[in-house]
Every structure is written in C-alpha cells, then in structure tokens.
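Worksheet: the structure to be examined is printed underneath.
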Amino acid sequence: MKLPIAGMLRDVVESLFKRPMTEKYPFEKHPAPERLRGELMWNPEKCTGCCLCSKDCPSNAIELITIDKKAKRFVMEYHADRCTYCAQCVQNCRFDCLNMSNTQWELAALSRKPFTVYYGKDEDVQIILDKQAGAKTPQPKPVTT
Amino acid sequence: MDILQPIIALFFFPAGLFVLGNGLAYMWVDRKLVAQYQNRIGPRWFQPLADVMKLLSKEEIIPENVDPRLFIGLPLLALACALTAALYAPLLGFQPVLSFEGDLIVTVYLLSVVTMSLALAGSNTADRFSLIGAVRTLTQLFSYEAPFLLALLGPAIVAGSWQISTINAFAGNHWIVLTQPIGFVIALIGLMGKLELPPFDAPEAETEIVKGALTEYSGRGLALFQLAKSVELVVGLTLIAAFYFGGIANPITFFLKTLILLLVLAGLQSLFARFRIEQTARWWRYASLLLLVQWVIIAVLGGKTL
Amino acid sequence: MKAVLVFIDGIICDYRQREHLSGTPDYIKRDVILKDAPMPDSRRGLHELAPRYNLVYMAARPEEARKATEDWLAAMNYPQGPLFLGITPADRLALAPALLDQFEFEGGLGTHWEDNELHLELGCKSIILKEFEVDWEIVRRYLLGQEHTALHVAIDLLTPRALKITEPAVHRVDAYLDAGRLLPAVKSLHDARWGYLSAITGLDDVQANEIEVLYHFCNRAAVATLRVRISRDKAAIPSICSIKAGATFFERELSEMFGIEVLGTPNTDRLFLPDEWPPDVHPLRKDYIVPEPVEN
Amino acid sequence: MTTLEKFIVPIGPQHPALKEPGHFEFTVDGETVTAATVRLGYVHRGIEKATENRNWTQNLYLLERICGICSHTHALCYSLGVEALAEVTAPPRAQAIRSLVAELERVHSHLLWLGVAAHEAGFDTLFMYSWRDRETIMDVLEGLTGNRVNYSANVLGGVKFDVDDKQTDTIRRGIDYLEERTHHYLSVVTTDNTFVQRTRGVGTLPREQAEDIGVIGPMARASGIARDVRVDAPYAAYAQFPVNVIVETAGDLEARFVVRLKELFESYRLIREILEKMPTGDLTVRMPRKVKEGETISRVEAPRGEAFYFIKSNGGEKPERVKVRTPSLCNFTSVIATAPGHQLADMPMILAGIDPCFSCNDRMVVLNGESLMTWEQLRQYGIEYYK
C-alpha cells in the first residue's frame, strides 16, 4: 500500500493500539547485557603489582598503591568519575585480576565521594586511609573482596 | 442574583475557569494522542497545567527596544479575546451566554484577534526570529482566514442563520459533514492553521526560528498566550462539532464529538512534514477555490436536498 | 591509430531515469534521451582515451534514436566518434565486418557476455565492466597501461614542478616543494582534475626552526602530498583558495593553530579558537604547553 | 537590499535546529537566503594537541571520543595507522570484526541522521519512529561491545572481543527487522508528497561543483561521484567483503536521503556476509610499546565520509603529531555554496543534509583557573556584558 501522501499512516494507526515503546526506566529495568562495561572490579589475589593497568589508562583513573611488594599487599584506588569505561586495563592485565561489572552501572550520585573506591584487604585499605587522614580526602567506601 | 449570573458566566462557567481547564485538558489530550501516534508515552495529565503554573510564577523578562505596554498588554488581549469568543460558543451543549444574529462572524474575528496579537507581539520585539515569525504568522493568517470563514459559513447558509445557537440547533437534525465534506475538512485544517499546529507550524518552526513570534516571551506573557491558544482550541473544536457533526445538545455529545475531532486532529498533526510558508499559502488558495465550488453546488441545489 | 569500441548504455550513459518507459515510444524520444545523466567519471575516462585511440560508440538503440544519441554525446561533451546502433546482441554482432573494415580495434568496453562475443569477433581486448558501476581504473589499466593509473598521473604532473619526488608507501607520492612552487603544483593537479584536497597538515619542526605544511590530495587509493617547508619565525605561505575554494577552512585552521600567515586567503576570521584567545599563541606549535587541567 | 541594513539570521551555537554548537549566519532578503557564513570551535577540545602528551594506547581512547556517533571510525582509523607504522597487521578475524562494528555503526549513524533530518523538516513522526528503530541497533552494539556509544572495540593490534553464536543470532534478528523498516522509510521519503516537496530539488549540488569543492561521503555519492574509501582503498576486511557504491545523480536533498537509506541495505548485506564468512583465528597480535619512526596516512570511510589521519612517530612511546581531518569539515563548504537562493525554511534541512558533526571539528577548550562565581555575581556579569 503506497499512498502519495501520509506515508506513515499505517504506523500511526497501528500505534494507537500498541503500547508505547518508551521504557519507564527507573521503574522498569531490563538486565544489562553480559558484556556491559560498568564499574571496574579488582581481585587482589593474583595481582603482581606490575602497574600495566594504570600505565595505559587513558584517564588516570587507576592508582595502584604498593604497601608491601613481597607480600603482595596492594591497594587499588579507583576513580570511577575519571574512568572512561574503555576496559583497556582489563585487556592489559595478564593475570585476570580486573573485570568490569555488568551489574554496577547506575553510578549517579550527588557528591564526588562515592566515586573514589578503594579495593584491597580491609587492613591495607585502612593503612592508606590513615595515611591520607588529615588531608581533605573524601570518605572512602571500602570494599571487601 | 442578577449580578451573580454574569460573574459566574465570566469567571467560572462557561468562560473563565471552566474553559481554561478544558483548554488545558484538551492540550494534554492532544499531546498525549500525538505521542501515542508516535509510539511514545507523552506527558502526564497535569503537564500543561504545571507548565502554565511554572511560567506564571517566573520572572517576566521584558527585552530592550520594545514597547513595554504592548509587550504586557498583548497577551492579555489575546486571552481576553479567546475567552470572549468562548462566551458565544455552545460549550457543553448549553445555550451560549451571549447570542445574537451574526455572532458567528464576531466569534471568528475574536479568534483572529488572538493571532493578530501574536503577530503584533512578535513585531514589537527587535528579535530576528520574532520578526520572521510575526511575518509568517500574518502570512498564514491571511491565507487560512478566508477559507476557514467560508467553511463555517457553509452550514450557516443551509441553516439560514448566522447565529451560532440557531445553526447548532439546525445541525442537531442534519449531519452537515455528509453533505459538505469539503467544508468540514477545510474547517478542520483551517483550525490547525489557526492554532499553528504541525504541519502548518512554519510561524513557530523551532528548527528555523526557535519559537517564532513568541521567542522573546517568557513567564507570564508566554503562559497567557498558551492559555489563549488552548481556549482557541476548545472554541474551534466546539464550533466545528456544532456545525458539522450533528450539533451539540448536551455535555456527553460535547465531549464525545470534540474528542473524536481531536483524535483526527492529532492524527493529521503526526502524518505530515512541515509546510514551508509559501507552500501553506499555496495550499489555501486551492482550499478557497474548492469551497467556492461547494458553495455554488449548495446554491444550485438550494439546500433542498437537506 | 587503433580504435576502442565504447558501449554507451550503462557505461557512459545512465539511462535508468527512463527505464520505466521501456517498451513505449517515449523511451527513445529525443527529450527523454537528452535527460540521461552521464555516468560518473566516464567523461574524464573517455577524454583520457581520446588522444590514444579512435573512439567508436555503440548503443542498443533503434535507428530512430541516432540523432538523439549523437546530440546527447555532443551535449555531454564526450569526445567525437562514429556511432553504431544495434538493438539486439545479434544485430550488433552483424555489424562486426563493417567495423573491421574501418578500424583496427585495441579493445572494447561492454557490460554483458554478448559484448564479449562481439569483442572476440573484432579480435580485441574485451573489457567487461559492471553496469552502472564502471571502474575506470580498470579501463585505464588495460588500455593506457600502468603509467596511467592515478598515482602515476600525479607523479607525471608533479615531477616537473617539484624539488624532489618520493614514494614513501604504496599508493602514496610525496612532492617536496618550496613556497613559490606550491601554486603551480596545486594548479597542475586541479587542471588535470586529479582528486580532491583532503586535508592540510602542519608539522612543527623545532630543531630545524621550520614548519612543514602538507597538502594532501586524494584520488581513490592514491594520495599525493605536497610538502612545503617554511621558516618558523616569519611563517607565511600563499593561499591556494584561488584554485581550490574548499581550502579556506583548512587554511584558517592552519593559521590559527600554527601561526602561519596565509597570504591572500579570502577569510582570516577565527574558525576554531575562541575570540578571546591571544593572537600570538598557536596551540599546535611544539612550544605551546597545555596547561594542567584545574580540578575543582 | 542595498540600502537597507543586512538582515542576518543567526543559527547556533545555541539553537533548536542544531543540537550541536556550530554558528551559522544567514543573510536573508524576506524569506530568501542571500549569503551564509560559518564559525566553529565552540566545543573545541584540543584533541590533536592532547595526543602529543599521551602514549599510543591512551590516544586510542582519546581519539575514539572525537565523535559520539562515529567513535569506532576514529579508533579504527587511528589503530590502522599506528599498526601500519609499527609494521603490525591485525589478524583476519579481528579485521572482520572491525568491519562488522563499522557497518553496525554506519547503520546506527544513518538511522540517527534520518531522524534528525526528518525533525528539521518538521516531520516528527518519522523522527520518532526512526529513532525507535535505531534503539535496535544500539542494543545490538551494546550487547556486542559493552557500550552503546564508545564501543571501544579496537586495541592496537586487534580487537577486544569475539563474536559468538548468540551474538550472531541477535545481530541477524536486529538486521532483519531493520531491513524491513528501512524499506518502509525509503518508500516514505520518496513517495510522501508533503516530505518530498521539502527535499526534491532543494540544496542541489551539481556534480561539477561537488568535485570542485571536494565533498566526500554520502554527499558526494548523492551528487554522482562514486567516492568511497571502502572501495577505493579497502581497509580492515573490506577487500574480502567488497562494497557496492550507491550513487545518485540528482544531488539534491532527496538524493542524499536515498543514498543514505540505500547504503543501509548495503550495510545489512555486508553485516550478514561478514557474520557468515567470519574468518577464524586470533583476535590480537602483539604490539610494541614504542612505534617505529615514520609517517603514515590512514583513511577510513566514516558514515559521513572519509576520515583522514596523518600520524607521525618519532620512535617513542608517544606520537609526534596526529592530524585528524574529519568528514564534516570538507562538507561544510557545500552548505555555504548551496545556501544562497534557498528559503530560510530550507536551511536546517540543507545543514542536516551534510549530516554535520560539530564535535568532529572542534577539538580544543580553554581552561582558565578563574574562581567560581556566585549567582549574584553571575547575574551582574550578565547584565554588564549585555549592556
């Protein structure tokens, strides 16, 4: 059916009896795809502290702080607000310590505080925090792994 | 009690609050329908009301190089004219508050004053978008005014009266849309031209001239113009429903018929690409000619077939 | 001089605009035929062939269309040549003896297998091209030889006008010029309708205290780069806008970013940098250090 | 007009017609445009300069952010250039995936453009529907690459991810749906009279003029110039998966619609073919951190035309110079050239016709360390400024 005018007639009439396509996002969510690149996750178990991840990070979002290299005690300071979610660090890591979450991607917040995330063992993170205490560092959100 | 009656008529019903509320509700229905036609959600029911309230509460910026009296006065004039026009319309199927032989012409011209004040408001400011918008508004006014009036006069002629209530009563027994389909279509499209709805929205085409004549308006002035437009929508729909759609006898037929018209109106809005202003003008030349042809037919048949 | 047989329909003539009329008398009406568009690149292609070969045109059209077709060829500014007509492949095959009487053929351009038969009959190279999507590089390769591919045309054009010519990579030629030689070189490319100006690059060479300006011209796979070195202190270079009008944006960018005065460029207004940017700071020069971003 | 002051209509940098900040000034006589000028740079971010301070890998992601719509194009163009300099070639499967993403991106871009152009013509219904359908391809890209805009598919020396059977199925299903819709849109834009009267014969750029200006991409192809880097100088996997160039001769807006929509069919065909004949093998090869000294030119056909990169390495970890010439810059001249004589109402359409991408052109920002202003100060500043 080709009309010389009103070519969209069929779509328009059909839509009258269809549900709108708009997703009512905050109320209805569909699961994110498997490969979605959300917040960076770090698994300290296998990390050797080679720093390849932070070297190629295009936005300097990763700082790997060495507490004791021999004992493999590292803390990763991750700035989610600087991160461009490109996954180059994941690609670079030879020990599969890094991955990007496909569940944690709703990262909006009212302040910058939650965007600085420390990964590592609790006591190690505490050492770093103590070091930074006094300076105007944001209140961290420790994550146990 | 004699004093109370006109006060109620002016401020509450049928003019005043009722027609404003009705206008805003119809604006919402229109937006919602267009959204539905475009397969999206559209605004929630209170959106037009919220918009108006927000605008009313905002600071009104009066730009430089304008006549402030005109700048403030024109939106008031537009709304006043639209509300006055509502007094002549058989809203909800009740007898119009004001009625006399020839009030159809008065109503149509009151509606034109709304557009005129829009154009004046545009040419009052020094803004380039407003100026172009004003010129386009006037061009469009001249092109649709004649066919729109002619289209409304068609039923008037067969009814033998130029009084809205008489035509309404006459139309109650006759579905004039069946005998004068051309007039009906042109009246409906004329209303779209009057309200500057797509595809006849060249005077306020946002991708070219932002908001046309109203570009410089903010706050109260903008709100009043929007209210005037929504009242114009209700009055226009009422007139067309009364004249062509078998008249309006009671609130049920009023809502039913105007909403059906609105359904068609929204459909027409979503089907076409915007006409350039000179294309609009050309379109209306044909419309006037067609109407004259229809008039000749009516004159020849002498309305006997009705 | 040898001859080349050129099949008109689908190779040099885009007759699709009247295809819907096929079968009606209108199909071959003069006005309708004259509305046919020339195929892209075909004019240039035939004009390149014309100095080396007699061009013989052939079309699948009836005799009535002869005048219209000849007029079309003239109107579209194709090289002159005799026109032969034959509606069916068999008709055209029957023309072969007459053709062989008059010409000795080097090659034929066709779009179908039947054309190939005719070419065999004529005893020449058969070049079967895709209808409406003619790649003239193929024609050039087989009828003009390697030296006539785009890159070699550019080398031929630039050699007399350049200080030095190199081929740094496949499909690339770099011509080293000085400022005075720039305009003649650009003009030679322009007059030969060689490609289009793709970009102008500036390179700041602090050690040599020079700025090198690169004019990149692209023609299909071939890229010809004109390289001009100018002094860094009093950087000035002539504008090529008089020849390539599209260069104005590139030249404005160049003068903003490198502080090169482009002599005679029609518009010197700021294009990219903000109005309040200091006039003597040129961000793409190496001595401009990007300020550290301020985090607040 | 000679005695009167010129009446200039500014469009942009903030204007509802262009959601991106370019500034055009049209001199009008009544409704007719008599002259046009352009000013860019409102969102210039200094990316070319910034590349000189980042290492080869970091630049990949910086350049990917030149454009939000053709992000893959830029990353691909840069990767190909750097790989050529380093004398490394990505494996065939990686090249095929690169082409696959490039074609998906082209579909996404052309559908987006269709909506924008329809909106400029005041045809919001077509705009809404084409963008609704564009969601399909966005979802496909999100599922395949992990992001809807900056796909980050490339790494130097290959690609990041593979295409498995599940992905293949999703892509095929999406493409099937879109192909049907594209047929519909093609028929709408070529038969709907109200729309055709806004496009046919409007903004005509004849072939000769197009060649003189040097327009590229769909603009050139709508004016009868068969110019497409995918065919002229095949990169990635386009040599194995050849493209048929779509050429229209009319050179007007309608031809640009037709070219872009027909290119969609070509993209659908290519996507199917790539999925079907996907080569097997590795996804990456090892890439040295330092790239050999040298220069290279890399060209990729973006949805808007040829993207041109000139990359120079001095043998270090960072590039010496990366020159980016984006397609829109070549095509802007055509707007200036075709605008005079048209109606003001046609301007947004003609502008949209080239599918302008301002972020592509603008790559520099001023960072001034001025202190924050209070609301009152800001208001005062505004009053002073506009006095």
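The first chain written gets the first letter, and so on, giving A, B, C and D; residue counts start at 1 in each chain.
The rule is simple: a residue touches a chain if its C-beta (ideal position, glycine included) is under 8 Å from a C-beta of that chain, and two chains touch if they have at least 3 such contacts.
Predicted, not measured: the structure shown is a model, and the values here were computed from it.
Of the two chain pairs examined here, C-D and A-D, the one linked by more C-beta pairs in contact is C-D. Using mean Cα coordinates as chain centres, the one most removed from chain B is C.
Spacing of chain A relative to chain C, judged by their CA centroids, is 49 angstrom. The geometric centre of chain C is 24 Å away from that of chain D, both derived from CA atoms.
For the pair chain A and chain D, the distance between C-alpha centroids works out to 28 Å. Chain B has its Cα centroid 53 Å from the Cα centroid of chain A. The set of chain C residues that touch two or more partner chains is empty. Among the residues of chain D, those touching two or more other chains are numbered 125-126, 129, 132, 192, 194-195. Within chain B, contacts with two or more other chains are made by residues 37-40, 270-272. Contacting chain pairs in the structure are A-B, A-D, B-D, C-D. Listed in rising order, the residues of chain B touching chain A in the complex are 35-42, 267, 270-272. By the touch criterion given at the top, residues 2-8, 11-12, 21, 33-37, 55-59, 84-88, 91, 100, 102 of chain A touch chain D in their complex. On the side of chain A, the complex with chain B involves touching residues 5-6, 8-9, 11-13, 15-16, 18, 20-22, 24. Residues 14, 37, 40-41, 132-133, 168-169, 171-172, 193, 196-199, 201-204, 214, 216, 218, 220-221, 223, 225, 244-246, 248-250, 257, 269-274, 276-277, 283-284, 288, 290-291, 293-294, 296 of chain C touch chain D in their complex.
By the touch criterion given at the top, residues 39-41, 44, 46, 48-50, 53, 84, 207, 211-214, 216, 224-227, 232-233, 244-245, 247, 249, 295-297, 299, 306, 308, 310, 312, 321, 323, 325, 329-330, 332-333, 337, 361-364, 366-367, 369, 372 of chain D touch chain C in their complex.
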